[in-house]
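Both of the next two complexes hold chain A, though its partner changes from chain B to chain C.
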Partner chain A sequence: MSADKGTNRWLTAALLAPTSMWFLVMLIFPLIVILVFSFGERAAVGGYAAGFTLEQYANLPSRLKAFQNTMIIAPAGTLLCLLVAYPLAYYLALRVRSRYKLLLLVLVIVPFWTSLLVRTYAWIFILGGRGIPALLEWVGIEGVRLINTPGAVLIGIVYGYLPLMVFPIFVSLEKLDKSLLEASSDLGASPLKTFLQVTLPLSMPGIATGCMLVFILLMGEFLIPAFLGGGKVFFIGNALVDLFLQSRNWPFGAAVSVTLVVIMLITVSLYMRLMMRGKTGRDESLM
Partner chain B sequence: MRIYAIAVFLFLYVPIGIIVLFSFNAGRHASELRGLSVQWYGKALSNPFVADAFFTSLTVAFSVAVLSSLMGTAAALALQRLKGTMRVLFDGLIYISVMVPGIVIGIATLVALVTVFDFLNPILASLWPEGATPPKLHMGYASVIAAHTLFTMSLVIILVRARIAGMDRALIEASMDLYATPWRTFYQVTLPQIYPAILAGFLLSFTFSFDDFIISFFVAGANTTLPIYIFSSIRRGVTPEVNAIGSMVLAVSLVLLLTAQFLLRQRARR
Partner chain C sequence: MSKSDGDKPITAKKFMQYFKSYQKGSITRRHFLGVTGLGTAMAVMGAAVPSLWSGRAQAFGDLGDRLVFSTWPNYQNQVNLDEFTELTGVNIQVNAFGSNEEMLAKLQAGGTGWDVFVPTNYTISNYVELDLIQALDLSRIPNYDAAANNPKFAGPAMVNGKVYCVPKNWGTTGFIVNTDEIKSQPKSWKDFFDVTMGKGSGHTILHDYQLTTIGAALCALGYSFNSINPDELAKAEKLLIESKPHLFAITSDYQPGMRSGDAWMSICWNGDATQLHRDLPEMEYVIGTDGGEIWTDFYAIPKDAPHLDAAYAFINFMQDPYVQARDAEAHGYAPTDARALAMQPDSLATDPILHPAENLMNGLEFGAAQTLTDPIRAEVMARFKSA
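Our next item is the complex of A and B:
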C-alpha cells in the first residue's frame, strides 16, 4: 500500500512537471525581470543598465496623459458595456424560451472568440470618413467627425467586450429563483419595484464579475485606442508599445508595466473584498 | 425588449458582415462597392507575404494547441489529487496567468528572453569549436509558442478540471475493483469522459493563438503572423485585400468555435 502511495506521488509530480516549468520560465521569471528592470537605469543605446534607482518611478508623471485616459475611459467603457449588456442578459435569461436560450447565448459569445483585430478594424471602416459621416452628409448633416475621438474608442470597447459582460450577468440571472419574482408580484410590488428590490440585488455577483473582467482587460488594451483613437486617445498599452518598440526605454517601460499590474491588483483585491462583504456562502464562479 | 435584443445582435454582427461584404468588392477602392467578385481573395492568396504569415500562424497555433492540451490535461488530472499549499500555489498561478494582461506578458517575455539570450550567446560562441558557426538564440517560433501556451494551458486546465469535477467517481472505483490497471482505468474510463473538454480546450487554444496580436507583436522576432501582417497593412491604409484576409481569419475561428461549441454541447447532453 505504501509503495502504491509512493508511485502515486511520483506520478502527480511527473504530470505537473511541464506545467510547473512553464509557470516558472514563462511567468514568474519574466515578471521578476520586469520588476528588477524597473529599478534600473537606461543604457546609452537603449535597453537596460544595472542599477538601483527610483528614477523611473519618479518619471511616471511624464506619461500622465496615458494613465489619465486609461483611468477615465476604461471605467466609462466598463459602465457603458454594463448598460448595454444588462437588458440583453435579462432578456436572454428570463424572457426567452429555453429552446432558443443556448443558441442565442452562443451567438453573443462567438464574436468574443474571433479576432478582435479584425472586428475593431471593421469600425475604422464604419466610423471613418466614408462610413457613417458620409451617410450623415448625404442626409444633410455635415462636418461630423467620429474616428479618432474618445467616443469612437468607447464604441470599440463596447463592441469588443460586450460578450464578456453579458455572460456572467446571464449566469446569475439564470440561476435566480423565479418563485421569488412571483412572490414579489403576488405581494403587490410593481414590476419596477420587483426589479429594483429582487432581481437587481440578486444579479449583483454577475454584474461585479462582468465589470471586473472587462475593466481588467481594458486596462491593458492596445488595439482599440491604436485603431480608433488615432494617436489622440491613447492608453497605457499604447505608451508601453511606444516605450519598448520605438524609444527602447526598457527600465521606464518596465516601471510603467509594474505600475499597471499594481493598479490591477489593487482593483481586483478591492473587488474581492466587496464581494466577500456582499454575500455569505453563495458561490459564483467566473466560468 | 425583443427589439432591443435584435438591435444588439445587429450591433454585434453588422460590422462583421460589412467586412465580409466589402471583401467581395469588385472595385479597387476599399470603401466603394462596385459589384461582387472574388478577385481580392485570389490576390491575397497569391501574395507570398500573406501565404507566409498564414503558414506561420497555422504552425504556431497548432503547436500551441497540442502543447497546451497535453500539458493542461496532465496538470488537471494531477491537481485533483493535490491538497494544501501546493494546490493553493497552483490555483494562484493559473489565476495570475489568465489575469495578467497580454501586453504585460508579451513585454515581460521579450525583456526576459532577450536578456537571457544576450547572456547565453557569447557563452555558446566560446564553447563552440573554432571555425564552425555557433548557434544564436533569438526570438522566433519557440518564443511565440511558449508565450501563447502560458495562457492556453491554464485555459485547458480550467476546462478539463470542470469536467473532472462533474465526472462519476463510482465508475473509476468500479474499474479499480474489477482489477483494471491504473493505466487501463485512465484509458478506458477517465479519458472517454473528459475528452470532449480536452478537444474543446484544443480548439479554443488554437483560436486564441491564431487570433492573438499583442503577445506575438512583442515576441515573434522576425516572424510575421497573420494578425501582425494585417496590423501593419492597416497602418499603410485600408484595402479590399485586407478585408479578404480579415474575412478568412474570421472564417477560420468561426469554424473552430462552432466545432468546440458542438463538442461542449455533446458533453452537456451525456
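Our next item is the complex of A and C:
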C-alpha cells in the first residue's frame, strides 16, 4: 500500500514538474530579478548598476500623474465596457433565437482577431480632424477636439476590450435557469424587479470575471493611450516604456513595476471580496 | 509570304493555325511549343542570358538568407531594398525606431540580432565606449569614397583613429508651420513656443524625443541645444510643462497630424518638411534663428551581428552613388556623398529646405555625445511626459 502511495506521489510530482518549472522560470524568477533591480541604481550610461538603495521608491511621486491617470481611467473604462457589454450579452444569451446565436457570437469575436494596434490606429482617423469632427462641422458644430483626449482613450478601451467583457457575462447568463425567471414573474415581480433580483445577482460571477480580465489588462495598457492620447494621456504602461527605452533607468522602472503589481494585487483582492460577498458555494465563481 | 520562308522553322500562317488549335484546346501546350520551335527558343535564350537565371547571383557568394536592418521610418527606398534582395538572395527585415535612445536601449539589453542599423552622429562615441559596435573594414566597402564625403558630416564616424560607420544622409532640425492657419510667421524657437501658448494653442506637436524637444526649449530660452547644465534644464522643463496643455500631441510621428490639419506646427526634420511642402505648399519649414540641430546619420554594424557578410554587402550596395540618389528620391534627405548629389534631379539638389544657405545654418549644432547619456535630460523628458 505504501509503495503505491509512494509511486503515486512520485507520479504526481513528475506530472506537475513541467508546469512548476515553467512557473518558476517564467514568472517567479523574472519577478525576483525585477525586485532586485528596483533596489539598484541607474548606471551612468543607462541600465542597471548593482546597489542597495531605496531612492527609486522615494522617487515614485514624480510619476504620480501617471498613477492617477491609470487609476481613474482604467476603472472608468472597465465600467463603461461593462455598461456596453452587459446589454449585448443579455440580448445574445436570453433574447436571440438559437439559430442566430452562433453567428452573432462569431461577429462579436471576429474583430478581436485583428491586431489591437491596427484597430486602435483606425480610431485615430475616425476621431481625428478629418473624421467625426469634420462630420460635426458639416452639421454646424465647430471646433470639436476628440483625438488626444481622455475621452478618446476611453472609446479606444471600450472598443478594444468589449469581446473580453461580453464573453464571461454571456457564459454566466446562458447558464441561467430560465425557469427561475418564469417563477419570478409568476410570483408577481415586474420585469425590472426580476432583472434586479434574479438575473443580475446570478450573473455576478460573469461580471466579476469580465471586469477582472479587463481591469487587469488595462492597468498595463500603453498602446491605446499612446495612440489615442497622443502622449498627453500618460498611463503607467507608458511611463514604464519610457523608463526602459527612453530614460534607460531600469532600476526606477523596476520600482514602478513592483508598485504597479502591489497596487493591482490589493485592488483585485478587495474587488473579489466585494463581489463574492454573500456567495455561498465556491463553485459559483467562474474564476 | 517573304522570300526566306524556307529557312524558318515555321511560317506565320501555320503558327497562327497552331495557336488557334492550342487556344481551342485541340493540341497540348507541349505539342504547341515543340511544333512551333518556341520550346527550343526558350531553352536557348535561358542558357544564353545569365540575368534570366533565378537563384543567387554568382558574384556575391553565399551571404545567407537574411539581413536584419534597424532604421528610421520612411527612411529608405523600397526599390533599393528589393534590388538588393534580387541581386543577392538576402531577405531584408526592416525594423523602424523613433529615437536613438530606443536603439541604444535595445542594444544594451543585448540579443537584438541586428546586422545593420542607422545611428545618428552623437551616439557613435557612446556606442564605441559601450563596445556595442564594431570597427569597419573599409576594404569590404569599396563603394565608399571618403574623399567624396564632406568631412563636416563624415567626421564623427572616426573614433580613436578607427572608422566605425559610413555616412548615410545629413539634415537639419527645425519646425514646420502651416501658414494657412498661422499667419504670424514665427522665425525662432521662442516664437514657436509663444505661438504654441497663444494662437496655436491645441495645435502644436513636440517630438517624443529628448534631444529635439528639450533642445527646442533650451534654444527658446537662449541656451545651447546640447546643454546639460542643471539650472538651464530646470528652466527648460518649466517651459515644457507650461506648454503641455497647449500641445496637440507629443509624438515623433507628426506627419499624420500635420496632414490632417489637426496640427499647425511641429518640430520637424527637413526631409519630412520637403515631403510635406511638396504635397501641401502651405507648409513652410523654418530653421530657428536661435538655434537648432544639424545631424548626420550613418550605417553601422553592431558588435555581434549574425550575418556579417550580408551586412557588408548591404552597406556597400547602399553606398553606391546611384543607389544613394535613388534612396534620396524616396525620402528626400540629402546624401553626404558629392557623387550622389551630382546625380540628383535639380528639384532635390537645389531645394532650399534640404540645402539651406550657409548663414542660416550657423546657429545649428551637431548633437553632442553626452546629450545622449545625460541622466538629467532623460529625467526631464520623462517628467515632462508624465506631467
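Following the convention adopted for this analysis, the second predicted complex is superposed on the first by the 248 of 287 C-alpha atoms of A that agree within 3 Å, B and C clash if a C-alpha of one lies under 4 Å from a C-alpha of the other, contacts with A are read in each partner's own complex, and residues count from 1 in each chain.
The rule we apply is simple: contacts are C-beta pairs under 8 Å (C-beta built on N, C-alpha and C of every residue); 3 or more make two chains touch, one makes a residue touch a chain.
Given the structure is predicted, the values throughout are model-derived calculations rather than measurements.
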Partner chain(s) touched by A:Phe170 [first = chain B, second = chain C, both, neither]: neither
First (chain B), second (chain C), both or neither touched by A:Ile124: both
Touching partner for A:Gly253 - first (chain B), second (chain C), both, neither: first
Which of chain B and chain C A:Lys232 touches, first, second, both or neither: second
Contact breadth on chain A, by residue count: chain C or chain B: B
Touched partner set for A:Leu88, first chain B, second chain C, both or neither: first
Partner chain(s) touched by A:Phe244 [first = chain B, second = chain C, both, neither]: both
First, second, both or neither for A:Lys65, with chain B first and chain C second: second
Where chain A meets both chain C and chain B, residue numbers: 124-125, 128, 130, 244-245
Complex contacts: residues of chain B adjacent to chain A: 1-2, 4-5, 8-9, 11-13, 15-16, 18-19, 22, 30-32, 70-72, 74-75, 77-79, 81-82, 90, 93, 96-97, 99-105, 107-113, 115, 146-147, 149-150, 153, 157-158, 162, 204, 207-208, 211, 213-214, 217-218, 227, 230-231, 234, 238, 242, 246, 249-250, 253-254, 257-258, 261, 265
Contact set on chain A toward chain B in their complex: 8, 11-13, 15-16, 18-19, 22-23, 25-31, 33-34, 37, 48, 84, 87-88, 90-92, 95, 102, 104, 106-108, 110-111, 113-119, 121-126, 128, 130-131, 159, 162-163, 216-217, 219-220, 222-223, 227, 237, 240-241, 244-245, 250, 253-254, 257, 260-261, 264, 268, 287
Contact footprint of chain C on chain A as seen in their complex: 42, 44-47, 62-63, 65-66, 124-125, 128-130, 145, 147-148, 230-232, 234, 238-239, 242-249
Chain A-facing residues of chain C, complex: 99, 101-102, 104-106, 108, 126, 129-130, 202, 208, 210, 244, 247-251, 256-257, 260-262, 373, 375, 378-379, 381-383, 385-387
